[in-house]
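Shared between the two complexes below is chain A, which pairs with chain B and chain C, respectively.
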Partner chain A sequence: MAALQLEKQRGRYAALAIAAVVIVVGIPLWWKTTETYRAWLPFSEISELDSLQLQLSVDIEVVFSRGTLTPEQQKKFPLSHVNEKEHQLHHKTEFSCGSVVVYVIPESSTLLPEDVKVYVGQRRTALLRSPPFKTSWNLKEVLSNLDVEVEQVVSTMSFGHQDIVAALSNRVRMTKVTKESMADSMRAIKSSPGYEITFSLLNPDPKSHSLHWDIEGAVQSYIQPLLNKLAPIANFSVDSQILYYAVLGVNPRFDNSVSAYTLSADSLSHVINPVEARLGSNAASSNPVLNFLLYVPDAHHSPLFIRDHSKRKVPSNAFHSPRWGGIMVYNVNEMYGPEAERPVDININMAKVMGVFLAQLRLMLGVQHTHPPTGFVLQSPGSAGLADWELDRLLWSRSVENIATASTTITSLAQLLDQIGNIVINDNIAQQVSSAVTSLQSAVAELEAGNLAFALQYSREAILASERAFFDPSLLHLLYFPDDQKFAIYIPLFLPMCVPIVLSLLKIVSEAKKRRADKQAKSD
Partner chain B sequence: MAAHRCGLSLVCILIFSSLAHPSSCDTLEKANDNTAEKRSISEVNTDGSVAGEALNERQWQSTDAEVDRSDSTTHSEALTPAAARDEFQEELVIRPLHSGDIYASFQFRTLWDTDFLQEGQKVSHYRLFPKSLGQVLSKFSVRELHISFTQGFWRTMQWGQPFIPSPPGAELWVWFHDTVSDVDGNWKELTNVLSGIFCASLNFIDLTNTVQPSASFKPLGLGNATDHRFLRYATLPREIVCTENLTPWKKLLPCGSKAGLAVLMKSEKLFHSSFHSQAVHIRPICQDEQCSSKAWELRQTLNVVFDLHTSGQGKKEWSLFKMFSRTLTEACPLASSSKVYVDITDNPEGELFELSPATPLLGQAVVLGDRRTYSVYDLSRAETFGQLRSFNLLLRWKGDSGDMLRPLLHAERYVAGFGLQTGEIHTVIYNNHPYRAFPVLLMDSVPWYLQLYIHTLTVTSKSRDNKPSYIHYQPAKDRHRPHLLEMLIQLPPHSMTEVTVQFERALLKWTEYTPDPNHGFYVGSSVVSALVPSMVAMRTNFTQDQPLFSSFVPVKEESSYFVRVYTEPLLVNLPTPDFSMPYNVICLTCTVVAVGYGSFYNLLTRTFQVDEPSPPLSKRLANLIRRMRGVPLLT
Partner chain C sequence: MDYYNLLTTCAFIHLLVSIPYAYSNYVENKAGQFFSSGHTNNWAVLVCTSRFWFNYRHVANTLSVYRSVKRLGIPDSHIVLMLADDMACNYRNPKPATVFSHKNMELNVYGDDVEVDYRGYEVTVENFLRVLTGRLPPSTPRSKRLLSDDRSNILIYLTGHGGNGFLKFQDSEEISNMELADAFEQMWQKRRYNELLFIIDTCQGASMYERFYSPNLMALASSQVGEDSLSHQPDLAIGVHLMDKYTFYLLEFLEEVHPASQANMNDLFKVCPQSQCVSTPGHRTDLFQRNPGSVLITDFFGSVRKVEITKDTINLTSSLKPLIQRSGSGDMQIESLTYVDQLPVAEIIHQLTPDQFLVCSRRWTEQSVRVSPSVYVQPCEKPPYVDSSPSHAPLCCGG
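Moving on, here comes the complex of A and B:
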């Protein structure tokens, strides 16, 4: 009987030992060999990004010109703060990008016309006619009295609430957006590290028109100054091509009243599609393309005019499609007589064409219309076509938009990786994600500190890193390895192995219970 | 009858395949169109009013006027139109073949005197040269690019030599500029971009089918690059060429398919042919005789062989309309020359066929070592089109065509051997020249899964061992690079040279098999390049139309000509597993493991005890009866 007990005990130990081996060695081994590699991601910081609080600050320098303040007021603040210099409005010293200088001139100054309150210069400066001060005020009171005007100047020259909301409109649902700023933001092409600008000359009738355009010179003199100015925002590359036998998708209607062919505004939306097949995408880069087409109608459909919704002739004879580009119709039928020898050599007046394209380019790039309050006068932007403060406005909204885009990308990537456990996260992705997060954080910090240039640069880095991580092909490797197939492979091995172990463990447990009950009964 | 039906069904299949194939690209385009439509519609909705924009533009125009004035002074000379620095030519050569087929060869040539690789200056303004290709050239620093898509196999023995040879499937070879540091990376990206441009599966070109031939592919354009590190060569013999490849190819032409010779390219006719090959060749060439400046040449060629003998109900007669179902009405207005040539060499007196409309223009050219005579039709002249304003060339055969001179160089290839373990590749090269020996360069690129035994390489001609004077062999690395074998072989006159090499078939991993592994695996054509002695030089007694003094010593430039001959691609069967096997194996192994484990487990955990042997069956029976009877039991 003792031998039998011993034998039973041995069997029990053996079963326990096997179960222990399976649990201690087998399961970790299986776990280790089949797990997918997932590098560590800064999930907590990413979830912080989800509820991002942006704080933008602008450096404002207020300079009181001679005669604005009374000597008593000047005396009232410490000497070190007295900053009295002779400034020219158009002086050459560069203010750092994003800052604003406001010159306050005496009320009686004749520098500005009578009804003009504020004059906004080409650079980052503005002249402000000071409201009447009481001589008894100290400087603080004077400044607080100026507050409203300065705020107006800043919202014109750097950003207002509406601009920021519009920049965020694609990422964040907001209700308080005016229709106009919405349209502006939808017209502008999305923020991207680079753009391709393509000018195409469409000549549907090379038999009768031999067209020459000096696109090289025109780009040099009209487009390049603007692009040089915009260089901090993105890399631009410009190219051009001539497409023959390219026709618009709509047959223009002949209008007897003006003896010309007309395109109505309703049909414009159908014009682009057939042309677009010929345009060709840029084979060498994946940046968004802005197309500008110059369409010279063929001899049998000339002249061709575009009419707006109220049936009036559009004076520029051009239209644009948001985020795609613009089309201009260029009639040449008046440049030659009916008996001219075909094909007729025609030189295109690039100044006229580029004026329209430049205006469209500004719209596409999101140089927004400013609606200055009454009493404001804006200086014309000069040969570059863009004033410094307009660039600043663009930079502000672009950096906010970049930050919003990058943080959405990163949070959705983190969400995705969190949800699907099958995805392999390689080290390079983890590195991209964390670098995107750190650039985002520093971009936000720089915005807070008012360093616009750095903020933009960091936000671009963030966007690049986040996109690279999001579109990495290695994320897709094991995505399509469904669980049911895994079970089909595991069951033939695991079922026969685990059932005896589990059964014997159950038996041991029940025996132990019974023994305890027996013992209890015995002791009772 | 049965054969007829077969033919019909074949035609049907062809049509269906041509219908089914373009779908991939077409749907894409359609999808694009849809999005474009949506976008442009949304434009009208979101934009508010066009009038508003027009206002803005007007606003802007006023400011621009200032800009104009300030700039027009400085740029006045720049605004004069630049002289046209590019040039476009088109031509079509039609050659009636001796087999009764018609060989039509289109050539479109765009010349542009600009330098894509100039430092600092970016070329970005395109006129006749297609922008997409120009961007590719400058982005990847390509010095020379040759790409061809071919459906069908060129039958050299029946048709003679083509003007521009190409292997079945897709072929791509590129010389990169020697400033490129990462050639493999550029090559990878370039193939991907080209596959997008031509809507072809060139993205399947990777390191496993790319080679760097040391001698066979020299640059055809300017520059004497010899460093073959900058050369990449790849073929995809499996590539099927169809309309989706033709459409982007036509888009590269300045006139598209709207005017000029390209109107003839109707895909349902072009692909209903025995042979179809389209190619793009880009190379730098000299602009003038002194070669003071470089120009880029883009040559787009399209070669078709129509089998009009069988489809024309036995009548030997063809016209442009019959071949292409279109006629010509105008030259491309952008072309500086636009011509149609018909080869009438075999028909000097008009006894073989009749050509209408007749042309007074005749042209002579030495093509592939043979002096040919052509009727020339100049499309840039109005009288070519006659009063109907349409040009339809018609050729009517009168007699049976004579025998064709056999091509001097010819090559073929096949796989020998049985079973699925080993085999032998035979390449047979024919020299049909009656008395001249000449060397040829043979290039073979074999995928890694055919493991060549290079020690079994034999070259025999006239049943004697023929030792190659140059061998360049680069062994394959499994899953990394293919075998490359290049040899310079001297071909004796009027001989057949056989090159054999044995191989063993590798077992692939199960993910490396194609979706239809039982179809077999293609091995690209081998390439035979040679300088072949010219026919003109061969006819020493051909003095009818030449003065005696011109024909004693063969003229040097005509004495030999360069020819490249492609053999057939091979189709090799590899050992193909049953693909449900892995799961079966898993199940079987698991069962064996489970049974073994189960008995082992039982052995270890079962409790053993000595059992009293049970009484034998007879005793139990006896006891049973005894119990019934009430008698004491046995023990």
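Moving on, here comes the complex of A and C:
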């Protein structure tokens, strides 16, 4: 009897010991080993990014040339503003990126023709004919009068409200969408770390035409300067190809009045698709591709002209498609007579071709048409293809766009990681997110200070880091089991083990209760 | 009399004057319409999720949508085609290298320029979600990626076996409607689409779009919850059902659409009513911002590019840099490179005698040539009754 009691005692202790081990050691061990690794993310700073306030400041320098102000007004200028420098108007100083210098010349000056109020130069400078001043005005009135004019100049040369809103169209719903602004926003390609530009020569009739184009030289001379200037924005890679027996998908119609073949504007949109199937692309990168096609019509369909919507001939004989590229038709029928030996050797005039492609490239990359107010004259961009202030405009909108996109990416990533509790956050993702957040904060600070070059650089780093973090292949929520599936996995493992433990514990408890009840009954 | 004459001439002149005005208005409107849809490029993701020979119809479904989409203009580089099994070169296919969509083998939807991006066991739920969200490993080639941007209209077509709230992939895993809705939300967060059209042809297909919550989504399904989508016709020569009813009538509808067509989504909703389809097709447009009546079919199925005339050019006057200046480090010997012959076509063609060549090409076109069932014939292999010629590699799938 006593031996049985001892056995039972030993059994009770064993059960209690096992239960103790399971609870004290087993459960924490299981918890720790099935925990998902989540590196720390700066969630508080990310939520701050959600309500980002951008402040952009432009450095403007207004230089009054001699004779603009009366001596009294000149005297009234606070000393800190006066800088008597002998500036020559053709000064070749490099003004810092993003700044604007306005030279104010006297109203009666003959530097600018009669009806021209402002002359905008290539390098971030502008000449402004001063509005009529009364000699009795004091300084404040003079300056306030000038303010409006200077603001007009600056909004042409750097940015206006509309441009910034368009750049932010990702995050801010554009309420008033004019057809033109929507067309503008659709035409320019999205900001991306790199672009590929492909030049293709389409020769549908190699039997008649043997075409030679010096594409390497043309790219080096005409396109590369523009790309070098745009280097702070993105990396560019240029390639070229020649396609033989490539036809346009549309049959041109013969127009008797001009005895030439014509393509109407409506049929142009069906031209691109059959050709695109034949164009190759660099499979190694996922950068957006801009295609520029030069089509030389075959001998039976020459000359070929493009007509616009009002049936007029298009002087450039070219058209472009937003975010895709452009096509130019180059007629060669005038270069040889009917008696020439086929195939005819033809050298393509690359200057003319590249002029068109350069204009299309500018549009594709987002260099908007500036519609300056009346009285403004803009100096032509010259060989680089891009004036400095046009570049500045692009940089302003690009940095704002980059900042907007990067902050949207980071906030939505943080939201995703918050919502799905069991996604593993690796160290590299956490590092990318942190660096994106710091770059964003620096970019915003630089924009506020007006340092455009640094702001663009930081915004580019921010967008690269945020994209890399967001598109990391390890962040796939499918790979992590939902809760009810977890339940289904653990039950067959733990239930057979837990049932005896729980039952024995219950039995111990009930026996202890019974003994206490017996003792109570005995003592009574 | 004179007065009436005057009136009619006046009216006539007025009409003459106003017609060109109305026409130019019409042209302007058409030009304006180009920018009303808000997209500049089109993508399509077409997925067939079932394997095994008896699911031939799912592959035929996907390939017929692929064919329509290509015909209407979307290039291969913008189509992600995922086929879970290879029916065309399946060893049970009596007509190798073909997938038919209509009995009597009228329409071969496989053709000779099909580009399948994900095939066989690569079609998994994980890969499908990776394609949608863009979270692919960096080594993935361009053709396997969905490189859409915020101005892309995407068409997503799924077919296979499904149930209430899930779609079966490869007979071994499922994707639930919640996962799909989350994937679309992630696409929206990253602005990977402008508008998205989701078509699903499975049993209880409507359950798959119940949980969508992202904007600019339109969904069509072949059957409601609790209903089965049925297959259309079996073909006695091939031995399996060739197409599903919904996609069959969808293909019939799409064959009438051409790139300049003005058919809109309301016509698409009417495809395959219950009298034809037995199941009730459903659609969901509450998340879509535009009116379905103003959405053209070609906005999703085709690729109509927006075009603008280039008005300005830049005057380039500087001449090209001469050749000597450009090649920096002296003369480089550039040897001309040639490609290795990938397919020794010349050898094959030389090996075929003229008679064999004729038989070969004839056999390829006349599909109704009866072959004895015990002989496994591939097109362009030597027929059994011609003896002793040098054997050569068959020119199509198999082997």
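Operating definition for what follows: the second predicted complex is superposed on the first by the 431 of 524 C-alpha atoms of A that agree within 3 Å, B and C clash if a C-alpha of one lies under 4 Å from a C-alpha of the other, contacts with A are read in each partner's own complex, and residues count from 1 in each chain.
Heads up, the rule we're going with is that a contact is a pair of C-beta atoms (placed from the backbone, for glycine too) under 8 Å apart; a residue touches a chain by one contact, two chains touch by 3 or more.
Computed from a prediction, not measured in an experiment: that's the story for all the values here.
In the three-chain model built by superposing on chain A, chain B clashes with chain C. When the two complexes are overlaid on their common chain A, residue A:409 makes contact with chain C while staying clear of chain B. In the superposition on chain A, A:343 makes contact with chain B only, while chain C stays out of contact range.
Within the superposed three-chain model, A:356 lies in touch with chain B and with chain C [touch as defined at top]. With both structures placed on the common chain, the touch criterion links A:286 to chain C but leaves chain B unconnected. Judged by the touch definition given at the top, the superposed model places A:316 against both chain B and chain C.
Of the two partner chains placed around the shared chain by superposition, chain C is the only one that A:476 touches, whereas chain B remains out of contact.
In the superposition on chain A, contact is made by A:190 with chain C only, not with chain B. In the overlay built on the shared chain, the residue A:395 is in contact with neither chain B nor chain C. Aligning on the C-alpha atoms of chain A brings chain B into conflict with chain C at a single listed stretch, 63-71, out of 63-71, 171-179, 225-233 or 495-503. Residues 179, 182-183, 186-187, 214, 216-218, 220-222, 265-266, 268-270, 272-273, 276-277, 281-285, 306, 308-310, 314-316, 318-324, 350-351, 354-356, 358-360, 362-363, 380-381, 383, 385 of chain A touch chain B in one complex and chain C in the other. For chain A in complex with chain C, the residues that touch the partner chain are 170, 179, 182-183, 186-187, 190, 214, 216-218, 220-222, 265-266, 268-270, 272-273, 276-277, 281-286, 288, 306, 308-310, 314-316, 318-324, 326, 328, 350-352, 354-356, 358-360, 362-363, 380-381, 383, 385, 408-409, 412, 416, 470-473, 475-479.
The touching residues of chain B, when paired with chain A in their complex, are 29, 32-33, 36-37, 39-44, 46-51, 53-54, 56-61, 63-68, 70-72, 74-75, 78-82, 122, 124-128, 130-133, 135-136, 138-140, 193, 196-197, 251, 254-256, 258-259, 330, 333-334, 583, 586-587, 590-591, 593-595, 597-598, 601-602, 604-609. Considering their complex, residues 3-4, 7-8, 10-12, 14-15, 18, 179, 182-183, 186-187, 198, 206-207, 212-218, 220-222, 237-242, 244-245, 265-266, 268-273, 276-278, 280-285, 306, 308-310, 312, 314-316, 318-324, 343, 345, 347, 350-351, 354-356, 358-360, 362-363, 369, 380-381, 383, 385, 488-489, 492-493, 495-497, 500-501, 504 of chain A touch chain B. On the side of chain C, the complex with chain A involves touching residues 24, 27-28, 30-32, 34-35, 38, 40-41, 73-77, 125-126, 129-130, 133-137, 141-143, 145, 147, 149-151, 179, 182, 186, 189-191, 259-260, 303-321, 323, 326.
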